[in-house]
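Quick one: structure below, then a few questions.
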Amino acid sequence: MHTYTEEKIEAYQNENKNRARLLIRCPDQPGIVATVSQFLYEHGANIVTSDQYTLDPEGGQFFMRIEFDCPGLRDKKADLEKDFTPIAEKFNMHYDVRYVHELKNVAIFASKEPHCLLELLWEWESGDLMANIAVVVSNHEVVRDMVESRGIPFHYIPANRDIRSQAEAQQKEILEQYDVDLVILARYMQILTPDFVEEYKNQIINIHHSFLPAFIGANPYERAFNRGVKMIGATSHYVTNDLDEGPIIEQDIGRVDHRDDVAAMKKIGQAIERSVLARAVKWHLEDRIIVHGNKTIVF
Amino acid sequence: MHTYTEEKIEAYQNENKNRARLLIRCPDQPGIVATVSQFLYEHGANIVTSDQYTLDPEGGQFFMRIEFDCPGLRDKKADLEKDFTPIAEKFNMHYDVRYVHELKNVAIFASKEPHCLLELLWEWESGDLMANIAVVVSNHEVVRDMVESRGIPFHYIPANRDIRSQAEAQQKEILEQYDVDLVILARYMQILTPDFVEEYKNQIINIHHSFLPAFIGANPYERAFNRGVKMIGATSHYVTNDLDEGPIIEQDIGRVDHRDDVAAMKKIGQAIERSVLARAVKWHLEDRIIVHGNKTIVF
Amino acid sequence: MHTYTEEKIEAYQNENKNRARLLIRCPDQPGIVATVSQFLYEHGANIVTSDQYTLDPEGGQFFMRIEFDCPGLRDKKADLEKDFTPIAEKFNMHYDVRYVHELKNVAIFASKEPHCLLELLWEWESGDLMANIAVVVSNHEVVRDMVESRGIPFHYIPANRDIRSQAEAQQKEILEQYDVDLVILARYMQILTPDFVEEYKNQIINIHHSFLPAFIGANPYERAFNRGVKMIGATSHYVTNDLDEGPIIEQDIGRVDHRDDVAAMKKIGQAIERSVLARAVKWHLEDRIIVHGNKTIVF
Amino acid sequence: MHTYTEEKIEAYQNENKNRARLLIRCPDQPGIVATVSQFLYEHGANIVTSDQYTLDPEGGQFFMRIEFDCPGLRDKKADLEKDFTPIAEKFNMHYDVRYVHELKNVAIFASKEPHCLLELLWEWESGDLMANIAVVVSNHEVVRDMVESRGIPFHYIPANRDIRSQAEAQQKEILEQYDVDLVILARYMQILTPDFVEEYKNQIINIHHSFLPAFIGANPYERAFNRGVKMIGATSHYVTNDLDEGPIIEQDIGRVDHRDDVAAMKKIGQAIERSVLARAVKWHLEDRIIVHGNKTIVF
């Protein structure tokens, strides 16, 4: 017997069994769109949505995301990929083909504050976050129940500044075991080592509880309160080795006023963190994001 | 010597002298994007932005808007249009080519309340509304000064229920005289006859001071107040012969609470009306809107 | 051992053991604020927040909400209420005193679509909705698990047009059994009889899935889609015997565009319904709402 | 004959001839509200709106703003102020009484970019900004016409880093000549000396084109673009001698995406700057703001 979530996921995979996404990045030059759309047409694919962007029109970079339906996709994958190779070479493309029915394996890292973890679990349960939540890792036991009660494996791995490398060794083992494609830091509050970050480049999404670049680092709500701001925010970004400096995916803000003390700001802020992180994660899962330098293109 | 506005417009026209927009509507079938993009490539055009939408993927309607740069556009226009004809015929297209440097001629119809008219004049003065505001027509003298002081012709044409046909005869003459492409009803408050509406089909934009379809017709703020709503809105739409039932282009809302009486609601509402109308007009001027039945596709 | 939710609730009750709210409604006349604030001062109470509103300054209605702290409140309740009686009589007041630590007993009526029920349960679990969720009633079994797994009693009571009175008889019995103060229709989809509504006047909160008064009645998303609106909304209101015509507590909207079909609108709308209903319920629980005729004053 | 603006202002002054505002700040203690409301009652005043706030309930600061109507206010002013003195002394109050019909004299300092100046002039012209715009000062001639054409005196005073003290000497003379109560820096772009700032403490409002404390100082849009933020903002604050560090009055933001280059961000940002500054100025004119340390309480 299937759970509500499993049924939603199966229905999604079935609906999208012929759907794929093509992400392209290359130097701009005439004829790219014509060539790619001709290629798809000849392979019996129908373009569902198409987005493109040229950074600096003259001699710049070209970015494209095409979502297409191709009847009998499963059997055509090998041919599609093989036949696209000469096109990619001609235009000097970096590209990816993603098949929508192949869900990404996701690991969520959490700490003591559960609101961001819970938001992701709720979205997943209701069939609004199409991924395989493979595992949750935390340096606190407090969230174990809410994870395991949903049938998701939970691993308690103590972590702090002093035992960072041991912790990361265990974490990496788990990520490999579950073949994880995406790590979500759901208010994990621990800094990762450069090695770890490098190994999962553009595959780790963090939520920072401020409107970056304001209030980088610790205690942003306290500092927002002390500064007397009239709005607080949250920022979701890919993790790099510069603290809170990675490519921003999404930001949002909420109003506060003089009546809001630090506790009230945290409450208001948590709702913003939840929705900002959930949006960023969904866009990643839908292959909408291309990272370019320290910025994101979100189609 | 040029005014600030004239300078802005000239700069815009110069920057866009090689830019055009292609709007397409046809039955969906494979190969449209490939064919059109190949056509543009062969004519030396570079796609700047491209949007498409398919209504009902199987056997439905296909809509597309492409903005492209084509060096030497002025000299190539005739060839481009001629060479596109067989493509349009093959795919059974309705299509339009619009040249960005050719500004549309706009007539604004106003009544006593000047806020919507003023918003359009301000946007135009600051170089944010790229059109030729050819003429302002009103059934009241009150706005004459604010129009003429900006060097725009003003025509006072009395209008009310009893003299509708005479008024419209005069108005049509003026629209022809100024070769008007777009009529904006900036809170004009008079109903137009079916003949008039038919002659300017999808070329008359109205602003209604409610969140349609709530409060169709007269006195929407009074009725919103009496109903005790917590938000009021405004709706911009193309005019058809069903009152306030034409294709909606844009809507927005603002919060009100129990402290707001009808006068306060009007004040809050006016700000919404201004921005909703200005957005709708800009999208029309940028050829972003395709009307399909009683709906709009806004790219 | 206590659950997370129980701990949050206990902490809240303890923090607010000396806090009360005074809600007043009376004909406007000079001296009300002076008299009431003098009364509170003499009884050792400290005003924490105070809001007032006069409908029609000359000869109109006066509304006030005062939140105050009074050390030793439990022992002073009787005196406070007794001593306030002559003041209430002098000014011809309708008034209520509410003690913050006395949580309201809430019943939630649900049907097949669980999103609004789930939102309330999540808010309650995380300690953000301070009430005693006494019971959930549904005419479908589908939500039983999500209710009972949280330790909340669930009652399945079949209900439809033909068995309305039997169903309501059972429902009333349950409401009495749990001493319910507030009934929340979380997308319950059944119409209540005038008797039922009368018995719980201003104590039944509904969520309607449109921006009222647009799309009163059935299938609002289908109708919104057919009209081609650019925004959809949700409205929370007290239930009266005029369908979707009761006093509005809160409304909100979300943007849609031509790409959104009815299913997409429902998805977008569900998020709006959830947050609008949750806000309305919280305001009711915080005694912020005074109903006046067919409108609400929300302090 | 009166202009539209003059008529609006006269109507406002006439409607509010009996209306005043009382702003209070004092150490918190029991009985303040009771005493003040009793005082107003005894002097025949009717409270229209009342807001209060206590910073740190135990032993903290109490802030209050009361707007009241008092028939025959002009003749009672002296008595009201005299009779309030002992109350102010008893509670150790800082307080102000402001008479609504006495408009504040405002000076606007502008530079080359006119959008913020224009917004204030438009609001004023339409009767939405109730002040006496006494004078506009600029270090550029470019805005002279738009000021003088509205009948407002314009003074061109060259200003830059090297001639700061001479420029300020001339500016101060003008501020005295026009008896200015409020200086608005409408994108003035020059730093003021500590002397100047001290002389007009909490009377100089600036607009900074970023969401402070992000991007303090020069070129915020360039820096926002380089950081790849997904939202840009604007902040209005009172000027202190710490650059962009004064008490924040209002902030707002707008969305940007990867398609927006620096020029597009400036355009989007200008609309935000305009509305943020206009709101901050109106709140100041309506005596809604109390400065406390480096923060504002906005009632």
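Per-chain residue numbering starts at 1, and chain names A, B, C and D are given in the order in which the chains are listed.
The working rule: contacts are C-beta pairs under 8 Å (C-beta built on N, C-alpha and C of every residue); 3 or more make two chains touch, one makes a residue touch a chain.
For each chain, UniProt lists the protein as follows: A, B, C, D = Formyltetrahydrofolate deformylase.
As the structure is a computational prediction, the values presented were derived from the model and not from experiment.
Participant: Looking only at C-beta pairs in contact, point me to the busier pair out of A-B and B-C.
Facilitator: More contacting C-beta pairs are found at B-C.
Participant: Suppose chain centres are the mean of their C-alpha atoms. Which chain sits farthest from chain A?
Facilitator: Using the mean of the C-alpha atoms as each chain's centre, the farthest one from chain A is D.
Participant: Centroid of chain A to centroid of chain C, CA atoms only: how many Å?
Facilitator: A distance of 37 Å separates the two centres.
Participant: Roughly how many whole angstrom separate the Cα centroids of chain B and chain C?
Facilitator: From the centre of chain B to the centre of chain C is 43 Å.
Participant: How many angstrom between the C-alpha centroids of chain B and chain A?
Facilitator: Inter-chain centre distance comes to 38 Å.
Participant: Send over the residues of chain D in touch with two or more other chains.
Facilitator: Expected reply: no residues.
Participant: Please name which positions on chain C make contact with chain B in the complex.
Facilitator: Going by the criterion above, the answer is residues 53, 55, 211-215, 227-231, 233, 247-253, 257-259, 294-298.
Participant: For a test of understanding, state which residues of chain A touch chain C in their complex under the given definition.
Facilitator: 115, 118, 122, 126, 128, 149, 267
Participant: Chain D touches which residues of chain C in the complex?
Facilitator: 30-31, 33-34, 37-38, 40-41, 44, 46-50, 52, 54, 57, 69
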